[in-house]
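These are the structures in question, set out in turn.
You will see two complexes here that share chain A, one where it goes with chain B and one where it goes with chain C.
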Partner chain A sequence: MSQEWGFYFDASRCIGCHACSIACKNRHGVESGKVDWRRVERAQKGEFPDVQERNFSVSCMHCKDAPCEKVCPADAIKKRDSDGIVVVDREACIGCHYCGWACPYGAPQYDEKGLMQKCNLCLDKGPGSGVDAPPKQEQEDPLTPACADECVGDALHAGPIEDLLDMASEDAQNRFLQDDQCHVIVESAGEGSETGNETETAD
Partner chain B sequence: MSDAERGDGITRRSLLKTSAAGAVAAGLAGCTAGANPSNETIAGAAGTAYGNCWMCHKLCGMEVTLNREGRAQELHGIDGHPRGSAGEGTKGTLCPKGLSQLEKAYSPQRIKKPHVRKNGELQAVSWDEAFSYAADRFEEFETEHGVEKFVNWEGWGTAGGLFETFLKDFVGVPNHMPHPTPTCFGSMAVPGTLMGLGGGNIRWVDYPDTEYVLVWGRDPLETFAGQWEAKQLLDARDRGATVVTIDPVLTETAKQSDRWLPIKPRTDGALALAMANVIIEEGLYDEAFVENYTHGFEAYREAVADKTPEWAAEKTGLDPEAIREVAVGFAEAAPSAGITSWTGLGQSPDFFKGAQNVVALLGLVGAIDRPGGNRWLGGVGLGNPFEERGIELPHAAKGKKPVIKGKGSDYASMIGKPVQNKIPEAIRNGDVQGMSFYYRNPVPSGAGDEWMEALGELDFFVTIDAFWSDVAREADVIFPEATQLEKPMLGKGGAGAYQNRGWITGSRAAIEPQWDTKPGIEIVLGLAEAMGHGDAFPWNDAEEYLNDKLAPHDLTLEDLEKRDTYVVAGEYGYEKWKKKGFANGSEKFWFDLDKKAKIFKGLSKKAGTEIRTEPQWIEPGTLGDAVDDEYPLEMIDARTVYFSHGGDQALSNPLEQLAEAMNLEEEDYRGNYVLLNPKDAEKRGIESGDMVTIESRNGSTELMAKVTEGIVPGTANVEPYGFGEGSIQPDEEGGNNMQLNAPDQYDDVSGQIDRHLGIEVRKTGGDAR
Partner chain C sequence: MSASGYVWLEGGHWGLLTAVYLFFATLGGGAYLAGLVAYALGRDDRRSEPMALARWAFLTAVVATGIAGIAILAHLARPLSGLLFPLTLTEFGSWITRGTWILVTLGALAGLQAFWFHFGRLGRGAEGGSAVLRKLAAVVGVEGLLDGAADATRPGETGFWIVAVLGLLPALGTVYTGFELAVVETVPLWNHPTLLPALFVVSGVASGFALALALTIAFDDATDRLVVGFASAVSLGLLLTGGLLWALLNALGDGPAASESMAQLDGGSLSAVVTLLAAGIVVSVVASPILAWLWHARDETTVARWVVRPGLVASLLFGVVAIFLIRYVLLIGAVQSPNVVF
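Our next item is the complex of A and B:
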């Protein structure tokens, strides 16, 4: 696992600006519209004035045991042993959308041709690119994923999992290690966290 | 100046870029054959250029990746940049708008050629013809009307200073409308200056040393003045500083704060008085500062004596205990405590008093220009290119009386500032017959309907812009300006990541001007030549002109690029008021504005009740618009990161992201939104995604509703402003909420346009009332 790459996300520093989404589109030549390799979700809970809202930047989680890979009848999706990145071979993709149904995170996206495209952790630029790219750790100057490179709040990082674990809290490390699917280290930012805000009004 | 501390100018980022083009390419070439032109392999990245982002005019440094054809492919921030990073050794980024400059530069919706009006119709012409047409029309205008009837109006043009210099000193135009007032935060800026803080200084908290921040009517995690602010605020919080957001809306900053105080709009003045009551009562104020450096403390103390947290709770809707805790926390942290505020307390006549009450707190706890408090910025100067070349300005406007400002003008505020909302009247009266707009559009800023009508009555109208709008289409001459990536940039500061240090940042053009456009500076050079002033404008291009500004520092734009676009220079300390006095020109900070009693006499007359010179509570509607049974919701508005403005059209990527942020991306709508609390929405049968009409006593517009728990009931937040009729959005989608503003709704002191209006909201086509 030490060679595997992934993402680290700290919701307490995500300002919901979507720079990640647009940096991703710029890099991969994906125009504005329904195809989003990376998106920012907002989760609101409670009622005014006791209301909380958090932002979550979401893309392909590069799952440890990727459900999209398992359901793909064309063998077009691969979880790479070398660097843990889940890639799609668009030459093999038949556009059946099984991967879209199987993925719990909404990561697979479909263009006008109906073919799948999604985050490749910036192995290379463009839909379907990087299938045959050398492992991230063997590249001399691997591309830093554009989303992490332009994250204004410094909430999103990408790199070898072992480096990312170093910056994570113990809770986040444990969650990551115990989760047999999600390959993203997520810093806690829910209720009871240090930065969960309190609201103050007269009743 | 002390030189840049950067030596060879090579950074991790620039190293990475140059090596990436070679080394990695070998391994990856060919992997993405057939990708679109803006999406080449790493092998296709042929070079790096630089830029300084101008999407919100804050100059965040950029690296631009170019392909072999010289087309910009990717944009990246620059580490350590004073506006785009948290400071030395920290990562630089670009926000979503900055990243959208790729789309802006190549947008087919740009104005692609100069245009002039012939026989009533706009026609595309060459630059030479446009310049000579404009020169003839200026000459005719002067003969027929006199230059006193011409008004130049600038937003955030990149040749702002030079265009004004040309029109003022060579053509003789005496009327110039500055940017900040009357459309930005006049109701906060003017009392802030009169008291001695300085109008703009209410924004700048010394984040690296602060222990307590009141984010009061501002959203610095979203509407930052450069990304350094968002980064440093988050860093301060993570380091243990307390962040409290006071806002009717659960803003991005409120979401990430230790505490959100969801205050009823326009009741901030009551909260500030109650905080002062607690601070004085508990003896937590800065006695030495108050004693030695302030005026009017006794009047202030008396004014807040009965303004308890319980009293304020009733006005503000907040918990009295929370008010007490925040007051004590803020005062105990002071002087390492600051307030960052802006348009949230700057856009209603009622805030003239509300802002006074808030600014007074900084004097009370002595948090002015001290480590961790509100900063007074210093910086570094640039040269004057005319002086560099030994050119004397003819000062042609000298002795010419401006129509729109100063004492005796029918169109100026109490303190002589131009009132934008009164210009349509000036046009109707024939006092203004010609105008130039440079990246400025008054229609989404106030009295929208009246402006649209008035523009058609102008005899001569020139505009410089990058995108078409209904305003541009009214012009007689349209000069299309190149966008940021296509022109050289230079700026200095000031506000930025470096504590007590100034900086200069600049870059050359990264790509050629697209279509038949020019940088603003070169538009001025061409116009000057056509009007017979060529000798006084000897520069061949924009870069040469800007390099003259850098001459005193022995630098060029090319040198700056070698230093990652910036140098840090010019050191300044704290407590500058000790030697230089305060921004009111006095040696003391004034709690009580009794030395400006005339203003308050005028306000009292207008309000029909006494508006006092010391801090005082006035009910919302005393000076501004009232919320009543007929118009029961208070409209406020916000400038989000995706906002649209003259020259800053919201592009398709940011519009898409805005829709996603509202969770309304599935709707076939890419305009702005009005945020409503479920309590208000349910009463009117409104759900998220419904088209609604918002209506004031003066006018109405239509836009999409977003229902959220994150807003104080009774409040309707238009987010962001700048859309709809007359805006620069190509299809005018969304609502222009300043069609609801009447020409007489502005702050009489500053001229600031009133954006807090009583409104009703109904589902379009329905009968909610």
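Our next item is the complex of A and C:
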């Protein structure tokens, strides 16, 4: 049975500890340096003394209509029908970096060889792995994405979208269901409002 | 991290090599077109100078597509995969795949035309600089062989025009370079589906005409009336190019990435390059047709030979350089839309 997988991120719970990005590197054997399948960014808004700050954990969002897949000339990037996970076949990748421009989240990362690697929602371990892996929901002992596993603030979750939506606020659910695009960042409800259960949901 | 609530993406995935590729691909298309126009206008009375122009134009088209191909292969992490494109580039929805086929087809057809114009019936009477390939072939001792091969393979006039018109498709198809950038929705500087492709194809045609004409004047001393016509076409093309660039920049909007790009172009790190390209366009638009007319109507004076002719060649080359700088500025000035966290 086809089942879309994705991430759920609650910015109000993220403490910016980078446990997610480090866990990701550990899981996939990605050395420290330029390549980051998952990054923790910190955004600020306003001027002193009225300053807001928010952490933002981001990786491949496994978009419903993945722009990286569309531009890839070598057909190396695939959005899997079975579980919605976007994977990259590094054997086919020619290293043109077109996907880097197309992705709105900076997910494609390029190693010293210039080939692309990125989050595979822990279908398997290592760059380019998971291309031929069975669907997440059919795996006997599927890996829980390390980033979600290690999140100390319970801000990051991974799983079938239908389950993730249960965690989201009604507003966020509606936004997600009404829009074909994945929602990575959801604007605040209003100036100065508390974000509370504001959701950043990817499909 | 910024005080705007934005998280900026790193960008910078493409640089000088890609600019070279984008530039020479369209220049090759423009030069092919210039060759056909020169031949069409000069074939009846077989004037030598239009034929020289056609020879230079097709040679320019071949060399330009070759440089474009080498530049894009050098940019790839796996150049061999690029060379094996019929096997490796299988996603025809991607403009890189479509573009690769367009570029290769253009290179092949331009090569065929260059061969037919340099050797055989159309090449035998060639003199001056445009006979460069014949001279090289003579040195190697294969001139007669190549003449025979050209005569044997060149179809009759109807067949020639069928092949020539077929070549027009990839020549104008180099507009794909604009689509390659225009479909990238994350970069406001590029994401204009009509203006950017139009800018690339118009400027590409202008650069092809300009370079072929400059070579013909510099190495064949051409003063034919076609020189005035071509220089005027270059001037018009550059005028259109400037207008399209202006329209593109004005259609940018005021989003954060668009503003960042504009800040770089207008007073920022790229402002000197923008000034240079604007100066190149203006100089070429104004000077090329005037100098071409003076050169065409010349008397045999020192001024004509040592001032007007170099001035004309230089003004054409200014235009060509300006057209390259447009690609460079658009690539280096590209900024991806940030993630808006607040």
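Quick note on the criterion: the second predicted complex is superposed on the first by the 180 of 203 C-alpha atoms of A that agree within 3 Å, B and C clash if a C-alpha of one lies under 4 Å from a C-alpha of the other, contacts with A are read in each partner's own complex, and residues count from 1 in each chain.
Please note the rule applied: a residue touches a chain if its C-beta (ideal position, glycine included) is under 8 Å from a C-beta of that chain, and two chains touch if they have at least 3 such contacts.
Keep in mind that this is a model prediction, so the values were computed, not measured.
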item: Fit or clash between chain C and chain B when superposed on chain A; value: fit
item: Chain B or chain C, by number of chain A residues touched; value: B
item: First (chain B), second (chain C), both or neither touched by A:Gly95; value: second
item: Partner chain(s) touched by A:Phe56 [first = chain B, second = chain C, both, neither]; value: second
item: Contacts of A:Gly153 with chain B and chain C, given as first, second, both or neither; value: first
item: Partner chain in contact with A:Cys103 - chain B first, chain C second, else both or neither; value: second
item: Which superposed partner A:Ser21 touches (first chain B, second chain C, both, neither); value: first
item: Partner chain(s) touched by A:Ala43 [first = chain B, second = chain C, both, neither]; value: second
item: Partner chain in contact with A:Cys72 - chain B first, chain C second, else both or neither; value: second
item: Shortest CA-CA distance between chain B and chain C [superposed frame, angstrom]; value: 5
item: Common interface residues of chain A - those touching chain B in one complex and chain C in the other; value: 42, 44, 46-47, 51-52, 54
item: Chain A - residues contacting chain C, complex; value: 11, 41-47, 51-52, 54, 56, 58, 67, 70-75, 92-98, 100-106, 110, 113-115, 184-185, 187-188
item: Touching residues on chain A, where the partner in the complex is chain B; value: 12-13, 15-19, 21-23, 25-29, 31-33, 36, 39-40, 42, 44, 46-49, 51-55, 124-134, 139-143, 146, 149-154, 195, 197-202
item: Touch list for chain B against partner chain A, complex; value: 16, 19-20, 23-24, 27-28, 31-32, 35-36, 38-42, 73-77, 91, 93-96, 98-100, 102-103, 221-222, 227, 230-231, 234, 237-238, 250, 252, 254-262, 313-314, 317-322, 641, 652-657, 660-661, 663, 677-679, 708-713
item: Sites on chain C touched by chain A in the complex; value: 1-7, 9-11, 13-14, 75-78, 81-82, 88-91, 93-97, 100, 180, 183-187, 334, 336-337, 339-342
